[in-house]
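The structure under discussion appears below in the form of C-alpha coordinates.
Letters are used for the chains, namely A, B and C, taken in the order the chains are written, and counting of residues starts over at 1 for each.
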Amino acid sequence: MIDLLALCAFNAAYAHAIDNDQLEKWPDFFTEDCLYRITSADNEREGLPAGIVYADSRAMLQDRIAALREANIYERQSYRHLLGMPLVIASDSDTATACTPFMVARIMLHGETRLFATGEYRDRFVRREGQLLLAERVAVCDSTVTDTLLALPL
Amino acid sequence: MIDLLALCAFNAAYAHAIDNDQLEKWPDFFTEDCLYRITSADNEREGLPAGIVYADSRAMLQDRIAALREANIYERQSYRHLLGMPLVIASDSDTATACTPFMVARIMLHGETRLFATGEYRDRFVRREGQLLLAERVAVCDSTVTDTLLALPL
Amino acid sequence: MIDLLALCAFNAAYAHAIDNDQLEKWPDFFTEDCLYRITSADNEREGLPAGIVYADSRAMLQDRIAALREANIYERQSYRHLLGMPLVIASDSDTATACTPFMVARIMLHGETRLFATGEYRDRFVRREGQLLLAERVAVCDSTVTDTLLALPL
(Lines give C-alpha, C1' and ligand atoms only; values in the text may rest on other atoms or scores of the structure.)
Protein backbone atom coordinates (compact mmCIF):
# COMPACT_ATOMS: atom_id res chain seq x y z
CA MET A 1 0.00 0.00 0.00
CA ILE A 2 1.18 3.51 -0.77
CA ASP A 3 1.18 5.13 2.63
CA LEU A 4 0.54 8.62 3.88
CA LEU A 5 4.18 9.42 4.62
CA ALA A 6 5.27 8.46 1.12
CA LEU A 7 2.72 10.93 -0.28
CA CYS A 8 3.93 13.60 2.16
CA ALA A 9 7.54 13.11 1.12
CA PHE A 10 6.56 13.26 -2.55
CA ASN A 11 4.66 16.51 -2.08
CA ALA A 12 7.52 18.05 -0.11
CA ALA A 13 9.92 17.34 -2.97
CA TYR A 14 7.41 18.62 -5.55
CA ALA A 15 6.91 21.94 -3.78
CA HIS A 16 10.62 22.31 -3.07
CA ALA A 17 11.48 22.01 -6.76
CA ILE A 18 9.06 24.76 -7.78
CA ASP A 19 9.79 27.09 -4.90
CA ASN A 20 13.57 26.82 -5.30
CA ASP A 21 13.57 27.58 -9.00
CA GLN A 22 14.34 24.01 -10.07
CA LEU A 23 11.51 24.11 -12.56
CA GLU A 24 13.16 21.65 -14.93
CA LYS A 25 12.64 18.95 -12.30
CA TRP A 26 8.92 19.59 -12.16
CA PRO A 27 7.81 17.43 -15.14
CA ASP A 28 9.70 14.48 -13.65
CA PHE A 29 7.12 14.19 -10.89
CA PHE A 30 4.59 13.09 -13.51
CA THR A 31 4.10 10.01 -15.67
CA GLU A 32 4.70 10.43 -19.40
CA ASP A 33 1.00 10.23 -20.16
CA CYS A 34 -0.06 12.36 -17.20
CA LEU A 35 -2.93 14.76 -16.91
CA TYR A 36 -2.25 18.12 -15.27
CA ARG A 37 -4.89 20.79 -14.94
CA ILE A 38 -5.45 24.00 -13.04
CA THR A 39 -9.05 24.97 -12.62
CA SER A 40 -11.42 26.60 -10.13
CA ALA A 41 -13.76 24.92 -7.67
CA ASP A 42 -16.63 26.66 -9.42
CA ASN A 43 -15.71 25.29 -12.86
CA GLU A 44 -15.05 21.85 -11.45
CA ARG A 45 -18.40 21.73 -9.68
CA GLU A 46 -20.22 22.55 -12.91
CA GLY A 47 -18.20 19.97 -14.84
CA LEU A 48 -16.72 22.59 -17.12
CA PRO A 49 -13.48 21.70 -18.90
CA ALA A 50 -10.27 22.95 -17.37
CA GLY A 51 -10.15 26.68 -17.42
CA ILE A 52 -6.68 27.86 -16.64
CA VAL A 53 -4.00 25.35 -17.55
CA TYR A 54 -4.30 22.00 -19.31
CA ALA A 55 -1.60 19.48 -20.20
CA ASP A 56 -2.00 15.81 -21.05
CA SER A 57 1.61 14.66 -21.23
CA ARG A 58 4.92 15.19 -19.53
CA ALA A 59 6.23 16.66 -22.79
CA MET A 60 3.65 19.46 -22.54
CA LEU A 61 4.84 20.22 -19.02
CA GLN A 62 8.40 20.42 -20.31
CA ASP A 63 7.30 22.79 -23.05
CA ARG A 64 5.61 24.95 -20.49
CA ILE A 65 8.78 25.25 -18.44
CA ALA A 66 10.85 26.02 -21.52
CA ALA A 67 8.42 28.81 -22.40
CA LEU A 68 8.60 30.20 -18.87
CA ARG A 69 12.37 30.21 -18.98
CA GLU A 70 12.35 31.99 -22.31
CA ALA A 71 9.93 34.61 -21.07
CA ASN A 72 12.08 35.14 -18.01
CA ILE A 73 8.98 35.72 -15.93
CA TYR A 74 10.24 33.31 -13.29
CA GLU A 75 13.06 35.64 -12.31
CA ARG A 76 10.84 38.40 -11.12
CA GLN A 77 8.77 36.35 -8.72
CA SER A 78 8.78 33.18 -6.72
CA TYR A 79 6.18 31.03 -5.04
CA ARG A 80 6.05 29.37 -1.67
CA HIS A 81 3.79 26.35 -1.38
CA LEU A 82 2.47 25.25 1.98
CA LEU A 83 0.79 21.88 1.61
CA GLY A 84 -1.42 20.17 4.14
CA MET A 85 -1.59 16.51 4.98
CA PRO A 86 -3.07 14.46 2.12
CA LEU A 87 -6.53 13.01 2.64
CA VAL A 88 -6.16 9.53 1.20
CA ILE A 89 -9.33 8.50 -0.63
CA ALA A 90 -8.10 5.10 -1.82
CA SER A 91 -4.80 3.32 -1.86
CA ASP A 92 -3.39 -0.06 -2.86
CA SER A 93 0.09 -1.35 -3.57
CA ASP A 94 0.62 0.64 -6.76
CA THR A 95 -1.95 3.43 -6.89
CA ALA A 96 -3.42 6.04 -4.59
CA THR A 97 -5.95 8.81 -4.90
CA ALA A 98 -5.74 11.71 -2.49
CA CYS A 99 -6.73 15.33 -1.92
CA THR A 100 -4.14 17.72 -0.55
CA PRO A 101 -4.89 21.34 0.43
CA PHE A 102 -2.50 24.09 -0.59
CA MET A 103 -1.79 27.71 0.12
CA VAL A 104 0.60 29.40 -2.26
CA ALA A 105 2.19 32.76 -1.60
CA ARG A 106 3.64 34.85 -4.40
CA ILE A 107 6.77 36.81 -3.58
CA MET A 108 7.83 39.69 -5.78
CA LEU A 109 11.60 39.74 -5.38
CA HIS A 110 11.91 43.24 -4.01
CA GLY A 111 8.35 43.74 -3.07
CA GLU A 112 5.30 42.34 -1.48
CA THR A 113 4.37 38.85 -0.38
CA ARG A 114 0.78 37.93 -1.06
CA LEU A 115 -1.41 34.92 -0.42
CA PHE A 116 -1.85 34.14 -4.07
CA ALA A 117 -3.82 30.92 -4.42
CA THR A 118 -5.58 28.45 -2.17
CA GLY A 119 -7.24 25.20 -3.08
CA GLU A 120 -6.62 21.50 -3.20
CA TYR A 121 -4.81 19.04 -5.38
CA ARG A 122 -6.94 16.12 -6.51
CA ASP A 123 -4.36 13.51 -7.33
CA ARG A 124 -3.93 10.04 -8.71
CA PHE A 125 -0.57 8.54 -7.91
CA VAL A 126 0.99 5.45 -9.47
CA ARG A 127 4.11 3.53 -8.63
CA ARG A 128 6.22 2.79 -11.70
CA GLU A 129 9.49 0.89 -11.36
CA GLY A 130 9.48 1.57 -7.65
CA GLN A 131 8.99 5.30 -8.05
CA LEU A 132 5.93 7.29 -7.04
CA LEU A 133 4.60 9.50 -9.87
CA LEU A 134 1.56 11.63 -10.57
CA ALA A 135 -0.70 10.13 -13.20
CA GLU A 136 -3.06 13.02 -12.61
CA ARG A 137 -2.95 16.25 -10.64
CA VAL A 138 -5.83 18.67 -10.80
CA ALA A 139 -5.14 21.86 -8.88
CA VAL A 140 -8.59 23.13 -7.94
CA CYS A 141 -8.32 26.76 -6.88
CA ASP A 142 -10.90 28.09 -4.45
CA SER A 143 -11.21 31.43 -6.16
CA THR A 144 -12.31 32.05 -9.71
CA VAL A 145 -10.03 35.03 -10.08
CA THR A 146 -6.53 33.56 -9.90
CA ASP A 147 -6.17 32.81 -13.59
CA THR A 148 -4.74 35.97 -15.03
CA LEU A 149 -1.91 35.96 -12.57
CA LEU A 150 -0.65 32.41 -13.05
CA ALA A 151 2.91 32.00 -14.21
CA LEU A 152 4.75 29.32 -12.25
CA PRO A 153 3.18 25.89 -11.76
CA LEU A 154 0.95 25.15 -8.81
CA MET B 1 -1.61 4.66 21.77
CA ILE B 2 -3.25 7.15 19.43
CA ASP B 3 -0.41 8.11 17.15
CA LEU B 4 0.56 11.28 15.35
CA LEU B 5 -0.44 10.04 11.91
CA ALA B 6 -3.92 9.11 13.07
CA LEU B 7 -4.39 12.67 14.33
CA CYS B 8 -3.06 14.05 11.05
CA ALA B 9 -5.46 11.94 9.03
CA PHE B 10 -8.36 13.01 11.27
CA ASN B 11 -7.53 16.69 10.87
CA ALA B 12 -7.16 16.34 7.10
CA ALA B 13 -10.66 14.87 6.87
CA TYR B 14 -12.06 17.54 9.22
CA ALA B 15 -10.67 20.42 7.17
CA HIS B 16 -11.67 18.79 3.90
CA ALA B 17 -15.31 18.56 4.97
CA ILE B 18 -15.52 22.25 5.84
CA ASP B 19 -13.54 23.52 2.88
CA ASN B 20 -15.47 21.45 0.36
CA ASP B 21 -18.90 22.54 1.56
CA GLN B 22 -19.72 19.23 3.22
CA LEU B 23 -20.76 21.05 6.36
CA GLU B 24 -23.30 18.41 7.38
CA LYS B 25 -20.38 16.03 8.00
CA TRP B 26 -18.74 18.43 10.41
CA PRO B 27 -20.67 17.50 13.61
CA ASP B 28 -19.79 13.84 13.03
CA PHE B 29 -16.17 14.56 13.92
CA PHE B 30 -17.29 15.20 17.51
CA THR B 31 -18.66 13.09 20.34
CA GLU B 32 -22.29 13.57 21.27
CA ASP B 33 -21.36 15.38 24.46
CA CYS B 34 -18.53 17.37 22.93
CA LEU B 35 -17.33 20.84 23.78
CA TYR B 36 -16.56 23.16 20.87
CA ARG B 37 -15.48 26.73 21.38
CA ILE B 38 -13.92 29.53 19.37
CA THR B 39 -12.13 32.14 21.42
CA SER B 40 -9.09 34.40 21.31
CA ALA B 41 -5.66 33.85 22.87
CA ASP B 42 -6.23 36.98 24.91
CA ASN B 43 -9.53 35.76 26.37
CA GLU B 44 -8.12 32.31 26.98
CA ARG B 45 -5.09 33.66 28.82
CA GLU B 46 -7.30 35.67 31.14
CA GLY B 47 -9.58 32.69 31.76
CA LEU B 48 -12.58 34.47 30.30
CA PRO B 49 -15.45 32.31 29.09
CA ALA B 50 -15.63 31.59 25.40
CA GLY B 51 -16.14 34.73 23.41
CA ILE B 52 -17.08 33.90 19.90
CA VAL B 53 -18.74 30.52 19.54
CA TYR B 54 -19.79 28.01 22.20
CA ALA B 55 -21.42 24.61 21.81
CA ASP B 56 -21.55 21.78 24.31
CA SER B 57 -23.13 19.00 22.26
CA ARG B 58 -23.08 17.57 18.78
CA ALA B 59 -26.73 18.58 18.47
CA MET B 60 -25.76 22.23 18.87
CA LEU B 61 -23.22 21.86 16.08
CA GLN B 62 -25.92 20.39 13.87
CA ASP B 63 -28.20 23.32 14.67
CA ARG B 64 -25.45 25.71 13.76
CA ILE B 65 -25.00 24.12 10.35
CA ALA B 66 -28.73 24.12 9.74
CA ALA B 67 -28.82 27.84 10.54
CA LEU B 68 -25.92 28.50 8.19
CA ARG B 69 -27.64 26.62 5.37
CA GLU B 70 -30.82 28.58 5.92
CA ALA B 71 -29.00 31.89 5.91
CA ASN B 72 -27.24 30.86 2.71
CA ILE B 73 -24.12 32.65 3.87
CA TYR B 74 -22.02 29.62 3.01
CA GLU B 75 -22.62 30.10 -0.70
CA ARG B 76 -20.95 33.42 -0.94
CA GLN B 77 -17.65 32.42 0.64
CA SER B 78 -15.48 29.44 1.37
CA TYR B 79 -12.60 28.71 3.69
CA ARG B 80 -9.32 26.94 3.18
CA HIS B 81 -7.73 25.46 6.28
CA LEU B 82 -4.01 24.77 6.38
CA LEU B 83 -3.22 22.77 9.50
CA GLY B 84 0.21 22.12 10.94
CA MET B 85 1.48 18.96 12.52
CA PRO B 86 -0.19 18.30 15.90
CA LEU B 87 1.92 18.74 18.99
CA VAL B 88 0.91 15.74 21.09
CA ILE B 89 0.75 16.67 24.76
CA ALA B 90 -0.41 13.30 26.05
CA SER B 91 -1.65 10.12 24.46
CA ASP B 92 -2.72 6.65 25.55
CA SER B 93 -4.69 3.88 23.90
CA ASP B 94 -8.03 5.70 23.86
CA THR B 95 -7.39 9.40 24.44
CA ALA B 96 -5.03 12.08 23.26
CA THR B 97 -4.56 15.78 23.90
CA ALA B 98 -2.84 17.86 21.26
CA CYS B 99 -2.35 21.38 19.94
CA THR B 100 -2.54 21.97 16.21
CA PRO B 101 -1.78 25.31 14.55
CA PHE B 102 -4.05 26.59 11.80
CA MET B 103 -4.17 29.26 9.14
CA VAL B 104 -7.53 29.79 7.51
CA ALA B 105 -8.03 31.79 4.34
CA ARG B 106 -11.43 33.18 3.40
CA ILE B 107 -12.24 33.20 -0.29
CA MET B 108 -15.03 35.38 -1.59
CA LEU B 109 -16.30 33.49 -4.61
CA HIS B 110 -15.65 36.16 -7.20
CA GLY B 111 -13.32 38.26 -5.18
CA GLU B 112 -10.42 38.41 -2.88
CA THR B 113 -8.61 35.75 -0.87
CA ARG B 114 -7.57 36.85 2.57
CA LEU B 115 -5.70 35.29 5.48
CA PHE B 116 -8.69 35.30 7.75
CA ALA B 117 -7.76 33.59 11.00
CA THR B 118 -4.68 32.06 12.61
CA GLY B 119 -4.37 30.24 15.88
CA GLU B 120 -4.31 26.77 17.31
CA TYR B 121 -6.74 24.02 18.11
CA ARG B 122 -6.50 22.72 21.67
CA ASP B 123 -7.98 19.29 21.38
CA ARG B 124 -8.99 16.29 23.39
CA PHE B 125 -9.52 13.20 21.26
CA VAL B 126 -11.19 9.99 22.31
CA ARG B 127 -11.55 6.66 20.57
CA ARG B 128 -15.11 5.35 20.67
CA GLU B 129 -15.97 2.03 19.02
CA GLY B 130 -12.73 2.18 17.10
CA GLN B 131 -13.33 5.66 15.76
CA LEU B 132 -11.38 8.77 16.64
CA LEU B 133 -13.61 11.67 17.73
CA LEU B 134 -13.19 15.10 19.26
CA ALA B 135 -14.40 15.27 22.84
CA GLU B 136 -13.21 18.87 22.90
CA ARG B 137 -11.89 21.34 20.35
CA VAL B 138 -11.10 24.88 21.38
CA ALA B 139 -10.07 27.03 18.42
CA VAL B 140 -7.91 29.73 20.00
CA CYS B 141 -7.54 32.59 17.51
CA ASP B 142 -4.40 34.72 17.75
CA SER B 143 -6.21 37.96 17.03
CA THR B 144 -8.99 39.48 19.06
CA VAL B 145 -10.67 40.92 16.01
CA THR B 146 -11.81 37.87 14.05
CA ASP B 147 -15.19 37.50 15.70
CA THR B 148 -17.46 39.68 13.64
CA LEU B 149 -16.45 37.92 10.47
CA LEU B 150 -17.00 34.33 11.54
CA ALA B 151 -19.53 32.33 9.57
CA LEU B 152 -18.24 28.87 8.69
CA PRO B 153 -16.70 26.66 11.39
CA LEU B 154 -13.01 26.78 12.18
CA MET C 1 17.97 6.76 11.33
CA ILE C 2 16.27 10.02 12.29
CA ASP C 3 12.90 9.68 10.64
CA LEU C 4 10.49 12.13 9.11
CA LEU C 5 7.98 12.00 11.95
CA ALA C 6 10.63 12.81 14.55
CA LEU C 7 11.52 15.94 12.57
CA CYS C 8 7.84 16.85 12.28
CA ALA C 9 7.33 16.51 16.02
CA PHE C 10 10.43 18.60 16.69
CA ASN C 11 9.26 21.36 14.39
CA ALA C 12 5.78 21.35 15.91
CA ALA C 13 7.26 21.89 19.38
CA TYR C 14 9.63 24.59 18.07
CA ALA C 15 6.85 26.61 16.45
CA HIS C 16 4.54 26.12 19.43
CA ALA C 17 7.09 27.62 21.82
CA ILE C 18 7.50 30.77 19.74
CA ASP C 19 3.85 31.23 18.88
CA ASN C 20 2.67 30.74 22.46
CA ASP C 21 5.07 33.25 23.95
CA GLN C 22 7.32 30.64 25.54
CA LEU C 23 10.37 32.32 24.07
CA GLU C 24 12.67 31.21 26.87
CA LYS C 25 12.29 27.64 25.61
CA TRP C 26 13.45 28.57 22.13
CA PRO C 27 17.24 28.34 22.68
CA ASP C 28 16.80 24.83 24.10
CA PHE C 29 15.97 23.52 20.64
CA PHE C 30 19.57 24.21 19.64
CA THR C 31 22.95 22.72 20.51
CA GLU C 32 25.28 24.87 22.61
CA ASP C 33 27.54 25.54 19.63
CA CYS C 34 24.70 26.01 17.15
CA LEU C 35 24.52 28.27 14.15
CA TYR C 36 21.30 30.23 13.64
CA ARG C 37 20.85 32.66 10.82
CA ILE C 38 18.05 34.52 9.10
CA THR C 39 18.81 35.60 5.57
CA SER C 40 17.12 36.02 2.19
CA ALA C 41 17.12 33.64 -0.76
CA ASP C 42 18.79 36.35 -2.78
CA ASN C 43 21.66 36.78 -0.32
CA GLU C 44 22.05 33.05 0.09
CA ARG C 45 22.21 32.45 -3.66
CA GLU C 46 25.00 35.00 -4.02
CA GLY C 47 26.89 33.52 -1.06
CA LEU C 48 26.64 36.72 0.93
CA PRO C 49 27.03 36.45 4.68
CA ALA C 50 23.90 36.40 6.77
CA GLY C 51 21.97 39.57 6.40
CA ILE C 52 19.34 39.80 9.04
CA VAL C 53 20.14 37.78 12.15
CA TYR C 54 23.28 35.84 13.06
CA ALA C 55 24.04 33.79 16.17
CA ASP C 56 26.69 31.12 16.62
CA SER C 57 25.86 29.79 20.07
CA ARG C 58 22.89 28.99 22.25
CA ALA C 59 24.04 31.72 24.63
CA MET C 60 23.56 34.30 21.88
CA LEU C 61 20.02 33.06 21.34
CA GLN C 62 19.36 33.43 25.06
CA ASP C 63 20.69 36.98 24.94
CA ARG C 64 18.41 37.75 22.06
CA ILE C 65 15.36 36.59 23.99
CA ALA C 66 16.42 38.55 27.06
CA ALA C 67 16.71 41.66 24.91
CA LEU C 68 13.28 41.06 23.38
CA ARG C 69 11.73 40.68 26.82
CA GLU C 70 13.36 43.88 27.98
CA ALA C 71 12.18 45.80 24.95
CA ASN C 72 8.67 44.47 25.52
CA ILE C 73 8.16 44.29 21.79
CA TYR C 74 6.87 40.76 22.07
CA GLU C 75 3.72 41.91 23.89
CA ARG C 76 2.40 43.94 21.06
CA GLN C 77 2.52 41.22 18.44
CA SER C 78 2.60 37.49 17.99
CA TYR C 79 3.54 35.11 15.22
CA ARG C 80 1.90 32.02 13.86
CA HIS C 81 4.17 29.55 12.08
CA LEU C 82 2.77 27.08 9.60
CA LEU C 83 5.46 24.59 8.68
CA GLY C 84 5.36 22.12 5.82
CA MET C 85 6.62 18.58 5.77
CA PRO C 86 10.44 18.44 5.92
CA LEU C 87 12.25 17.38 2.77
CA VAL C 88 14.92 15.06 4.15
CA ILE C 89 18.17 15.49 2.23
CA ALA C 90 20.24 13.04 4.25
CA SER C 91 19.74 11.11 7.47
CA ASP C 92 21.59 8.56 9.55
CA SER C 93 21.29 7.39 13.14
CA ASP C 94 22.45 10.64 14.73
CA THR C 95 22.25 13.40 12.15
CA ALA C 96 19.84 14.66 9.52
CA THR C 97 19.77 17.50 7.05
CA ALA C 98 16.42 18.74 5.85
CA CYS C 99 14.60 21.67 4.26
CA THR C 100 11.25 22.73 5.70
CA PRO C 101 9.04 25.41 4.16
CA PHE C 102 7.40 27.98 6.40
CA MET C 103 4.74 30.65 6.29
CA VAL C 104 4.66 33.00 9.24
CA ALA C 105 1.79 35.35 9.96
CA ARG C 106 2.22 38.35 12.21
CA ILE C 107 -0.74 39.24 14.40
CA MET C 108 -0.97 42.67 15.94
CA LEU C 109 -2.92 42.05 19.13
CA HIS C 110 -5.83 44.36 18.39
CA GLY C 111 -5.25 44.76 14.75
CA GLU C 112 -4.45 43.12 11.50
CA THR C 113 -3.11 39.68 10.64
CA ARG C 114 -0.62 39.67 7.83
CA LEU C 115 1.38 37.04 5.96
CA PHE C 116 4.69 38.27 7.23
CA ALA C 117 7.42 35.92 6.01
CA THR C 118 7.72 32.89 3.78
CA GLY C 119 10.75 30.77 3.07
CA GLU C 120 12.42 27.59 4.14
CA TYR C 121 14.52 26.36 7.01
CA ARG C 122 17.76 24.69 5.95
CA ASP C 123 18.56 22.53 8.92
CA ARG C 124 21.15 20.22 10.34
CA PHE C 125 19.86 18.11 13.20
CA VAL C 126 21.91 16.06 15.62
CA ARG C 127 20.90 13.61 18.30
CA ARG C 128 22.67 14.29 21.59
CA GLU C 129 21.95 12.07 24.62
CA GLY C 130 18.85 10.80 22.92
CA GLN C 131 17.49 14.25 22.20
CA LEU C 132 17.06 15.83 18.79
CA LEU C 133 18.64 19.29 18.53
CA LEU C 134 19.40 21.83 15.85
CA ALA C 135 23.10 22.15 15.15
CA GLU C 136 22.22 24.61 12.41
CA ARG C 137 19.07 26.39 11.27
CA VAL C 138 19.21 28.89 8.45
CA ALA C 139 15.87 30.57 7.86
CA VAL C 140 16.01 31.59 4.22
CA CYS C 141 13.28 34.16 3.55
CA ASP C 142 11.88 34.37 0.04
CA SER C 143 11.63 38.13 0.06
CA THR C 144 14.45 40.59 0.53
CA VAL C 145 12.24 43.03 2.37
CA THR C 146 11.33 41.24 5.57
CA ASP C 147 14.31 42.40 7.60
CA THR C 148 13.17 45.68 9.08
CA LEU C 149 10.10 44.05 10.55
CA LEU C 150 11.75 41.13 12.34
CA ALA C 151 11.31 40.94 16.07
CA LEU C 152 10.42 37.44 17.23
CA PRO C 153 12.43 34.44 16.05
CA LEU C 154 11.56 32.62 12.87
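Heads up, the rule we're going with is that contacts are C-beta pairs under 8 Å (C-beta built on N, C-alpha and C of every residue); 3 or more make two chains touch, one makes a residue touch a chain.
Values in this document were obtained by computation on a predicted structure and should not be read as measured data.
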Interface residue identity across copies chain A, chain B - same or different by half: different
Cα superposition angle of chain B on its copy chain C, in degrees to the nearest 5: 120
Where chain A and chain B are represented by their mean Cα positions, the distance between them in whole Å: 27
Residue numbers of chain C (touch at least two other chains): 5, 82, 103, 115
Of all residues in chain B, those that touch chain A in their complex: 5, 8-9, 11-13, 15-16, 19-20, 78, 80-83, 103, 105, 107-115
Contact footprint of chain B on chain A as seen in their complex: 4-5, 41-42, 82, 84-88, 99, 101-103, 115-120, 142-145
